[in-house]
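Each of the next two complexes has chain A plus one other chain: chain B in the first, chain C in the second.
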Partner chain A sequence: MEKAFTYTNVIKTFPDFKLGPLDLDLEPGTVLGFVGPNGAGKTTTIHCLVGLLRADSGEMTVFGRSNNLNKADWKLDIGYVGEIHVFYERWNGHQNLNFLSQFYPNWSPERASALAKRFNLPLDKRAKDLSTGNRVKLSLVAALAHSPRLLLLDEPTSGIDPVVREEVLDVLFEVLETGDRAIFYATHILPEISRLADELAFIDHGQVWFRTPKEDLTEKWRKIYFTLARDDVSLAAIVCHEREGDRHQVVCSDCASTLVQLKELGAGNIQENPMSIEEIAVQILKGGRYVEAD
Partner chain B sequence: MLLHLTDLSAEPLQAQIIRQIRAKILAGELSAGADLPSIRRFAREHHISVITVQRAYEGLEREGLIHSRRGKGFFVSQITERTKKMMAKEKLHDSLQPGIEDALAEGLDKEEVKNVIQTLLDTVTAKK
Partner chain C sequence: MWRLIKADIRYNWPIFFIASALTLALLIVLGLILGWPDQDQDLTGTRSLLMAIAAFAFFVRILRTMGEKRDRYHTLLPLSGTAIALSRLVSVICFWTACVLLYWLITLPIRPYPKEVIVYEMLAASGFVLMANALPYIQSDISTRLRNSFQRALWMIVRTTAVGAGLVLFFTLNVTQTSWRILRVFLPLKNQISPYLGSLLGSGLFLIAGIVATWLSVHVFKKRKAFVE
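And now, the complex of A and B:
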């Protein structure tokens, strides 16, 4: 199947920051969570794909079409919600949506008003009078009204209340049900995507250095407690190791192999506890360059 | 399908799904031939990722509890009473073991453990 998007060797340089060389792609029907600290390069990555930034070099495609900045047809497949919400400030929601609708042949005014209703968004208010949360909602309605095959979401739920956030997630799950849509979801808040995402890609300092099915993380990572009265305890695939006398606590990225090692070393009272996606992500992001054990 | 899935448990979502559907099948609440929701519908209804559901279904398939038919989805398999009993025993075994190990470590002897189990069994069956 055609990829929802591809980045090949994409580089974008700023005086104080360099993104890439970046290689990344996304299969239709899946959700890729794009996780990294503030300033890691998440927004730059998305801006290059949607054409808000011109990459220095490299190739990008959206459903097989190159993101040629002089030709806009590939943009019809994209719904984008960024951190900045650009509207005609003196127009109300209806007028802004009407204006946008003329660029998208697939735009459905019915879908737009149904979404506005679900998000509890007043469309008769002028954009400049909308609260932060309502501006986010208007962006979401605008991004979803033409039923795009690729959704690019950059911290889309920042500033909206929990009830509406749940409604937004509900809409995203509906979008996914057909199986031909893809979502690329950048955030630094893990709980938001820990349920939605199929895969996670970790970015830091402009480099995507780790990508994995989410389930592999929860299956392989464990916190293990054990006792071992030896000074020279060295274990492979260990991310964090604390000890108090002969009691140890380790975080490991490949539980099965760690358990084998511990048995060989003669460790006692071994207890393993699963870790949440959030805990694992924090360990990965704290641990700097994490290399997967094979 | 009504399941209790929570992020607050140490048990991964995938394992929660497997355990709860297995229990429904063993209890006869889901009978042989019954169809399960499609992976994507399940994901949407319970707000979890497609891959989580897919892996849970694969897990149940490996246990022989469900099977897939190409293009039709997933169905509950025919399971003999003997297999059902075996699985129920295995489950009981797994849930009792840590408790018994703890009890022995805490100084109860074999006879005392047996008595506790016997009393518990009597109380539970008397209630029913």
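And now, the complex of A and C:
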């Protein structure tokens, strides 16, 4: 099956930042959360794919078609919502949506109206008079009304209040239920992506450090407390290790193998605690100190 | 591409309408107050005024849409780079053509020029308008490949050159034996170019220059490194 998108050896260099070499892909029907701190390269990654930035080298495809900036067909499959929401500012929501509808054969006015109603979006207001939350909603309606096979969301809820954020996420859940749609969701707000994502990819300093199914993270990652008097404690799959006397606290990326080793070393009072996605993400992004389990 | 042009005209029609109305009103009032001057003088004066108003409308349009990140918006649409780049110029040309045609239609009964002169004038003026509108786009598109300090320098050079060239052209086209002495330095230049401007050769050259500038603006747009503005 064709991938929703692929990045192959993509590099984009700025005077003070370098993205890549980046290799990334996404299967149709999958939600990939793209997690990283501000300035990690999330937006640059998406901008290269949608054509807002020209990569220095490498190749990108959308459903098997190269994202050639001088061709148009590959863009039909994309719905994009970025941090900046651009419209014809003196036109109202209806006029902006009508304008967009001309370019997408799959555009459904009914779907656009239903989404606008679902969002309680005032389509008769001029774009420049819309609040930040309503601009996000209008962008989402515009991105979803042509039923794109690939949805690219770049911090779509940044700058909006928690109530609107919940509404947006609810609609995204509904979208997911009604189609075999691939979603690439870049964010630094973990709770929102931990609800939606099937997989998570962690990016920092322009490099994807780690990608894994979400379940693997919550099943395998643990914070383990134990006591051990030895000085030469060397454990595999350990991300973080703190010690105070003979009391140890470790964060491990493969709980089962760590527990086996601890038992072999004779550790006592072993206590394993599950970790939230946010805690795990913080550990992964703390200097990219992820250690692959043997 | 036509969908973008239609949208652009629909979006900017108040500006286009006001600019057109002002142009026509100004030309007609001048004609009524001063009387229609001799053939050459009227042609050159008309041309300059129309050029000025086209440039005015263009810059007002740019000012009102630059803040709206139009290139970013259009780049995300399923359109080729060529279509987006061309649409930026064609809507201005549509406005310009409508404006000039209207003017000629209104004043035709009282100014019976030979048809070929009108056609040559239109061709030359269209070439000029194409050039004048393509150059700022070329400059801004090239700027995306330059550092900030170079961008500012390029913008200063282009702006100064454009204003300078515009003034020289304006005075050259409008200078007469009765103009202020200082302006009469442009008379030799006017005498040199006048035969060409009213001919197929001169207007053709202007038009070709305009088409080259248009092609260049499309090419530079397609080579842009960023559309994030």
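Keep in mind that, in the parts below, the second predicted complex is superposed on the first by the 284 of 294 C-alpha atoms of A that agree within 3 Å, B and C clash if a C-alpha of one lies under 4 Å from a C-alpha of the other, contacts with A are read in each partner's own complex, and residues count from 1 in each chain.
Basically, a contact is a pair of C-beta atoms (placed from the backbone, for glycine too) under 8 Å apart; a residue touches a chain by one contact, two chains touch by 3 or more.
Given the structure is predicted, the values throughout are model-derived calculations rather than measurements.
Participant: Consider chain A as the common anchor and indicate whether chain B and chain C clash or fit when overlaid.
Facilitator: fit
Participant: Regarding the shared-chain residue A:31, is it in contact with chain B (first), chain C (second), both, or neither?
Facilitator: first
Participant: For A:195, is the partner it touches chain B (first), chain C (second), both, or none of the two (neither)?
Facilitator: first
Participant: Could you tell me if A:112 is touching chain B, chain C, both of them or neither one (first, second, both, neither)?
Facilitator: A:112 sits against neither chain B nor chain C.
Participant: Considering only the touch criterion stated at the top, classify A:213 as touching first (chain B), second (chain C), both, or neither.
Facilitator: first
Participant: Can A:255 be said to touch chain B (first), chain C (second), both, or neither?
Facilitator: Neither chain B nor chain C is touched by A:255.
Participant: Just checking: does A:89 make contact with chain B only, chain C only, both, or neither of them? Give me first, second, both or neither.
Facilitator: A:89 contacts chain C only, not chain B.
Participant: Rounded to whole Å, what minimum CA distance do you find between chain B and chain C in the overlaid structures?
Facilitator: Comparing every C-alpha of chain B with every C-alpha of chain C, the smallest gap is 29 Å.
Participant: Shared contact residues on chain A for chain B and chain C?
Facilitator: In the superposed arrangement, which is not itself an observed complex, chain A uses no residue for both chain B and chain C.
Participant: Of all residues in chain A, which touch chain C in the complex?
Facilitator: Touch list, chain A to chain C: 15, 47, 50-54, 69-73, 75-76, 80, 84, 86-91, 99-100, 102-104.
Participant: Which positions of chain A touch chain B when the two form their complex?
Facilitator: 29-31, 169-170, 173-174, 176-179, 191, 194-199, 213-215, 218-219, 273-274, 276
Participant: Within their complex, state which residues of chain C touch chain A.
Facilitator: On the chain C side, the touching residues are 3, 7, 11, 67-70, 72-73, 75-83, 147, 222, 224-228.
Participant: Going by the contact rule at the top, pick out the chain B residues touching chain A in the complex.
Facilitator: So the residues of chain B touching chain A come out as 7, 10-14, 40-41, 43-44, 47-52, 55.
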